[in-house]
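What follows is chain A paired twice: with chain B in the first complex and chain C in the second.
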Partner chain A sequence: MSASARTLEPAPPVAPRIAGAMPSVAWLIVLAAFILLWPFGDRFAAWAMVYPRAWYVPAAAWIGAFTKWLVNEASFGVFTFTEMTRFMAAIIELPYRVALGLVSTGLTSGQGSGAVQHLPPLSWVAVTGLATLLGWRLGGWRLAALAGLCFVYLAVFGQWTSAMVTLASIMVAVPLGVAGGLLLGIAAHRWPRLERALTPLLDLMQTIPVFAYLVPILILFGFGPTSAVVATLIYAMPPMTRITALALRGVASEMVDLGNMVGCTRRQMTWKVMVPSARESLMVGVNQVIMLSLNMVIIASMIGAGGLGFDVLAALRRLDIGAGLEAGFAIVALAIALDRLSQAAALRSGAPPARGGWLSRNGYLAGALAFVVLTALVGLLVPAVQVYPKEAFVSTGSFWSEVVRFININFFDTLEAIKNAVLLNVLVPAKRLLVGLPWLGVAGLLAFAGWRLGRWRLALLAGALSLLIAATGQWEKAMITVYLCGVSVVFAALIGIPVGILAAERDRLWRGVQVVIDTLQTLPSFVYLMPAVMLFRVGDFTAMLAVVAYSVAPAIRYTALGLQKVDPRVVEAGRAMGCTRWQLLTRIKLKLALPEIMLGINQTIMFALSMLVITALVGTRDLGQEVYIALTKADVGRGLVAGLAVAFIAIIADRLIAAGVARTKRRLGLT
Partner chain B sequence: MTTRSLFFASAFALSAALGALPAAAQESADPIKLTLHDWTGQLITTELMGEVLKKAGYNVEYVQADYLAQFAGLESGDLHVAMEMWETTGRDAMDASTATGKTEVFGPTGMKAKEEWWYPTYMKEKCPGLPNWEALKEAACAEAFSTAETAPKGRYLGGPVTWGGYDDERVVALDLPFEVIHAGTDAALFAELESAYQRQAPIMLWIYAPHWAPAKYQGEWVEFPEYTAECYTDATWGSNPAATYDCGKPFGEIWKVGWAGLKDKWPGAHKAIVAFTIDNDEMGKMITEVDLNGKQIADVVAAWMDANEARWSEWIKK
Partner chain C sequence: MDQEVVAGKQVQPETPKLVCRDVWKLFGTAEKAFRADPKAARRDGLPAAVRAVDLDIRAGENFVIMGLSGSGKSTLVRCLSRLVEPTAGEILFNGENLLAADEKRMIDIRRHRMGMVFQHFALLPHLSVLDNVAFPLEIQGVDRPKRESRAKEMIELVGLAGRERAFPRELSGGQQQRVGIARSLAGEPELWFLDEPFSALDPLIRREMQDEFLRLQSMLGKTIVFITHDFDEAIRLADRIAIMKDGAIVQAGTPEQLVLSPADGYVSAFTRNVSKAKVVRVGSLMKAGEAPGPPIGVRATIAEAAPLFSAGVEQLPVVDPEGRPVGALARTDVVELMMRG
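Now for the complex of A and B:
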């Protein structure tokens, strides 16, 4: 699609909704059938209202038996499945040990308390200096200051030791995730059949809550940081794969033609032409891998990775809100430093290499090495250079606890009134409505929507997945899930889209907003969940607040990006026709950005669903809680069945929205 | 950077090939891995055990692990010892695990888990009959514990669903005008208590000991009819002849549990771990030192080690 072709389309924004008039008749009939079934179904078709227990499929038992077989008996003849995974774990462990040695433990021999240190790790001054130097080389003094400040924060607030443990596992997980995602994406691009097989798998990887498959992973990969890395990879790799496939498809055909003309081999074509020209899009994938990996820090700490996640959990268990916040913001600082550095690296990698001798070509590297050696030597004489002195730690102490206390004592009644109003007018009615709906009716409606948007293929998918949810006995919990996530998504959209619109055209505001949404995405929700419990008690309202806080980020991001991408010539044309600002926004920009905004809503739904496990910690009764209970009982089958139900909800929502977006795009003449 | 990491990699390979340095004990020099969870008491118990084992010359490593997810590691031998498995919250997972034969119970720690309904002292003014549980049956008393969502019934904040505890059944069996709300984690439980205590607002919730909360907040446990095994199994027992669970919660042992292969690989360490005991008072004092007085766990553990040398040297005697 070229921009000039779009402007030639006969006034796309004004296309009225005539196309939508026809289907509404079919919709009316289906809705009427649904409404009839609802109050009267009870009398002659009780099985259509509540899925009969006798028809349940014992999927949990099957899955449980299968994993047991996989773990204990599955064998390739020469070696068993478990031996294979243990071998993989050993391979991942190697770079992890190196990274950990570099930044945390130093060069040691022996294990546990018998370990002897031969060389100290990089000192805090060295690591901070390296980050600053890298920032300077990649993005000038601004980036240098930012990277340096992030690491100084870690040192000054006493988070260094834990942060380096976390950094070590990130240093392993992110390159593996990026490389794996890139290779899978390239493979998917080359073999479309593989892509079709891969897509549902990626969906499952991204949407099944980690807790659901934690136990099998622990058995297969052993208890410790490697398992944490594997779990992180499963969660963080899919976006990279998807974005790679998408980006390669988006490479301009002129580039491919050029490659063919100069006689590239297949390999050269991939690595010398396609990947470099898709670099900018690929970096979005890298950003997501970094963000999602840091998101897993809390869960990783529960299975032996330690680090900042453990500090957050331990601090909040003794209700030390300040300490929890400080550790939480250490995760954010790491995320921002790593993300901004990698973005800058991608922008620069297109620049031509410097000429001259080794020293002038590698001046920065030489400087970095010299700096490391120098700080190591100075560190031997001055301990404060090696390890940041405890006496100089800064802490917010009880400040944050006092803030919460102040709000609690002075504003609790007001907050309680707001909470009760939302609860009574929105949450409770929505819950009652959704839980009361007949399962057959809902499944039928979804299938019909699928048929309208994507014909029989989508209809079959939507219908079959909702049937599966009912057949495994998850219907009621699934509806509570839909209610909690649904309401949260509505609130997130109501907040996110206006903020996105405001920020889209205001550069400075947009930069600030970006920091805020990066923070929301990486700050462990546990950090604000506990103060929220203090002010709003346990229950659905608190859970909703946490979900909204986390899932508002994509709503803002995609709205702003969509508006920024609108072709300026179309806007210009609108202005020439005498549109007011408001008309320009509502009639032209928002309409053209609609596909992006819908994609944002889609991501908001995915984010909301991935928060379910966290909301289980404040006592909700949805699928997240089911997964959590299964984890505590080490019941793999039960956990995976509930986890799959979450994934099914996500897939249904995703496919319907994607089909709707495609239709809208066609209608607006964007494709 | 690359040359540096290469150097490290080869150095690591070398050190691995040479094997670990000899430890003082004649048994395996591999590290014994003890699990750390996320509450102070457990951290103290585990470090006490670890320090004692170090004194006996064993190689010890602490690994952070989730309370329940750790069983996968204990069964495979990736982890070796879990120092606190509470009868009241971990029994099901522990039984399921020991049934595989890959883990075993190393006996009680000597600490007893106390769990019951608990209220702050200031609530006694509004409900003078407490701590006797029958006071809760009065409408005025229940209403004093109510919130907008539960009124006129009282609100009782129970533990996470995963803890069990049979509070829903208890409320029915004893005919208490209370509604049971489940917190999702114990962090949420204590967040609510802190909030209510700051405002001197009504609250009735599940509190357990040893924990810092009973030391920090003034309050007491409700006195229900004392637990017996029959109460949970025999409906005719107790004040309600038609229902089970018409009594309080049981006191439970806190168990030590771990990998079944431990006693063959490190027989001496096995003996020491089985011998380890400590009581509620000692532990309560140490938890208070750490959580409320802001001392470091390592310092508190070191102080205990100095004061109790006779005791722990008995555990590791050959």
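Now for the complex of A and C:
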């Protein structure tokens, strides 16, 4: 149809009306078929209602067997697969030990309690000072104060040791992730065929829930901080790869011409022209890698990363709200410091470097070195400089526990009433509805939507992926995932879109909202669980609250940005015609911002899905729980199959929405 | 006549520096169709960015390619240096067919014989003015002291001495393009491509940069291919102009030829509003004979000659650059030309 539309450009006036009527007719037929299948399917085609067990594809068993073979038997002749992974782990182990020694353990020899410390680690004063100095260098006194305060917080509240373990993992993972992503991105840019092969892989890696690939990593690399670094690398590299490829593609064609005209070889072209020209966008990628690494290092505490993540996890397991919140706040402090510092570095990368001799160019570096040496010397004399004294710890743990106890004693009925009302009126009916839907009907509907929006390719994708979910026996859990995700997204949109609309036109409000959502987005997903659990204990409602809190940011952001991006001339024209504010909003702005808002919803769904898996910790019964169980049992097959099912849901949603957005944009003439 | 007029300047007509023979550039499916069957493709009028272009650019000549956006002028100039691979044709540079050169040879030619100035300057943001200008030499592997002294010379040449340590974003547009010009000259090219170098600048700065360009050209005597969409700029700077439309060259000739005898309506649409007196040279309007009075050069424009008639003389002697009398210019002819606009 699109082909005929192109050839018949000055279409007769009847054509659009037919084209407009067609989809609704087609939709009606498909919906009617679906509704007929639903109540009567049971009698005629039970297999279409619930996917028959006999047809299950034992994918989990296959993957399990394959992993077993990989670990026990696979060999490259000279060395076995396991030897290779252990070797890789050992390679990563070395820089990790160095980083850990630097900020936490000091230079030691020997193992365990018999270890002897030869050289102390950087003292808390030194690390805090370095962070402050870096802040000063990158963004002046405000950033210096922020960075300094965040690190002081870690020391004062007794989180220093854990925070430094976390920081050590990040210090190893970030350079590796940036370098790996950069090289892959450059390769993808140079060889378009590689990029085409890489794109679906990157899509999968970014949508598959993090727990899912913790399982194979656990099997292949063992339990411990090195596996955590590997997991972090895998998690943080895809965005860097993508951003690199995009940034290189975004380099002005004149720059490429310049490189060719001065006679660059390919290598010179890459390193002397392309990468420097794309520097600013690349720095955004570095910020992404840092924040994603932090998120993952926290989650990877499940496979032995230790640090702050482990503290949160342990507190969650004990339901020790106070300790959990404290560790959570420490993560927030670390996240804010790292984010603001790396963002400032990205902004500064465009500024000209300092001039003058070595000392004036490297004054900060010289100052930092001097400071480190000085604090180390003072630390020998005054122990409080080396290690923050335990006596001066301020613990708010019991305070928070008291607060929670107070709330729970005095507002228990109110909170319980809210929870039950939402559960009974929204969550439970939605769950019943979705779980009761015939799988064939849903798969068919998705395929049909794919066909409407993107022809047979999208139809095939949507249909095949939903079939795969059913065939691997994940349908019911997938539906629970969809229900929790769907309800959360609806709530997030109900909150996010109005907030976005309000903020879009009010500069000061928007600036405030921006700070809040920026901060929300830098927080590792783990942190969101604490307050929800605190007030509502475990269950679907708690999970939903955490998911909504985590995923509301993109809904707000895209709505506000979409409204702000509406062509001011059109708005002016509307005002000239005498539109009221309400009319301006509903008739002009929201309509034109629709594609942007849809993209925001898409992002909200992606965020919700990634958070949903983590809420398995508070006892949901969806795919996330399946992955989590697999993780605790180290069952690779089960974990991957369930993880892939989540990824498939994400991909179906993403592709359908993206196609819808493209269609809407075309209709609005925005492309 | 073309030869005579150009002969006034130091141009050797017998040695074309750069020659295009039937150069085509098509993109995508059109290119495939063309490759499959060039003859049919010509007949069917496939969408071509560059269509059957023939050019002779002589050594030391300032050759301007003028066209509106989408006319294919930028693609053509990129074909000349093979930044864009032509679909068909022949490009001879000093008699060597560039399309037959391999990658290594092309890199060598671009490094040592060609320079290019870009519309949006294409300066590397992380390098200082000095390093930007020295960049082509750095790529060639010239050692630091040598390339920096060469770069300093170039910076001085374009009038930016003292700003060596500045970074591109600290400079105005005009200054940035001066850096671009200095950089393109650092490798001492014979062939100098300028792709709409002044289009991104304010009108006043543009005028200033055009003067600067003329000054540089009079000193350096490079062979120049200059791209512009501004007919006035073309008239001002060119020895010869080629006007492009839809990938093809509509007419090529001196500004005078274009103004006096436009090939078609498209060309005359540009020339109609050009004051002829500013373009037509004494050589084209003079007649045989002799006259008394102060002599004028054969290369002077009528606008420059006109004030000399204010004393009331009817005829003035015309001399060639060596000062030999070659004819006489009549007042009536001058008046008639100026009255025609």
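Quick note on the criterion: the second predicted complex is superposed on the first by the 522 of 671 C-alpha atoms of A that agree within 3 Å, B and C clash if a C-alpha of one lies under 4 Å from a C-alpha of the other, contacts with A are read in each partner's own complex, and residues count from 1 in each chain.
Simple rule for what comes next: a contact is a pair of C-beta atoms (placed from the backbone, for glycine too) under 8 Å apart; a residue touches a chain by one contact, two chains touch by 3 or more.
Not measured: the values here are computed from a predicted model.
In the superposition on chain A, A:252 makes contact with chain C only, while chain B stays out of contact range.
Counting the residues of chain A touched by each of chain B and chain C gives the higher count for B. When the two structures are aligned on the shared chain, A:273 is found in touch with chain C, with no touch to chain B. Contacts of A:534 after superposition: chain B is touched, whereas chain C is not reached.
Of the two partner chains placed by the overlay, only chain C lies in contact with A:265; chain B stays clear of it. Once the two complexes are laid over each other on the shared chain, residue contacts for A:578 go to neither chain B nor chain C.
After overlaying the two complexes on the shared chain, residue contacts for A:618 are found with chain B alone; chain C is out of touch.
Overlap of the chain B and chain C interfaces on chain A: none, as no residue is touched by both. Those residues of chain A that touch chain B in the complex are listed here as 94, 97-98, 101-102, 107-114, 116, 118, 214-215, 218-219, 222-224, 301-306, 310, 313-314, 316-319, 365, 368-369, 372, 405, 408-409, 412, 416, 420, 423, 526, 529-531, 533-535, 537-539, 615-620, 625, 628-629, 631-634. On chain C, the positions that touch chain A within their shared complex are 78, 81, 83, 107-108, 110-112, 114-116, 118-120, 122, 124-128, 135-136, 138-140, 165, 167, 169-170, 184, 187, 193.
Residues 1, 4-5, 8-9, 11-12, 15, 18, 20-21, 23, 29-33, 38-40, 50, 54, 59-61, 63-66, 68-73, 75-76, 78-79, 92-93, 96-97, 147-149, 157, 160-162, 181-188, 190-192, 194-195, 198-199, 201, 212, 291 of chain B touch chain A in their complex. Those residues of chain A that touch chain C in the shared complex are 252, 254-255, 257-258, 260-265, 268, 272-273, 276-277, 279, 350, 352, 355.
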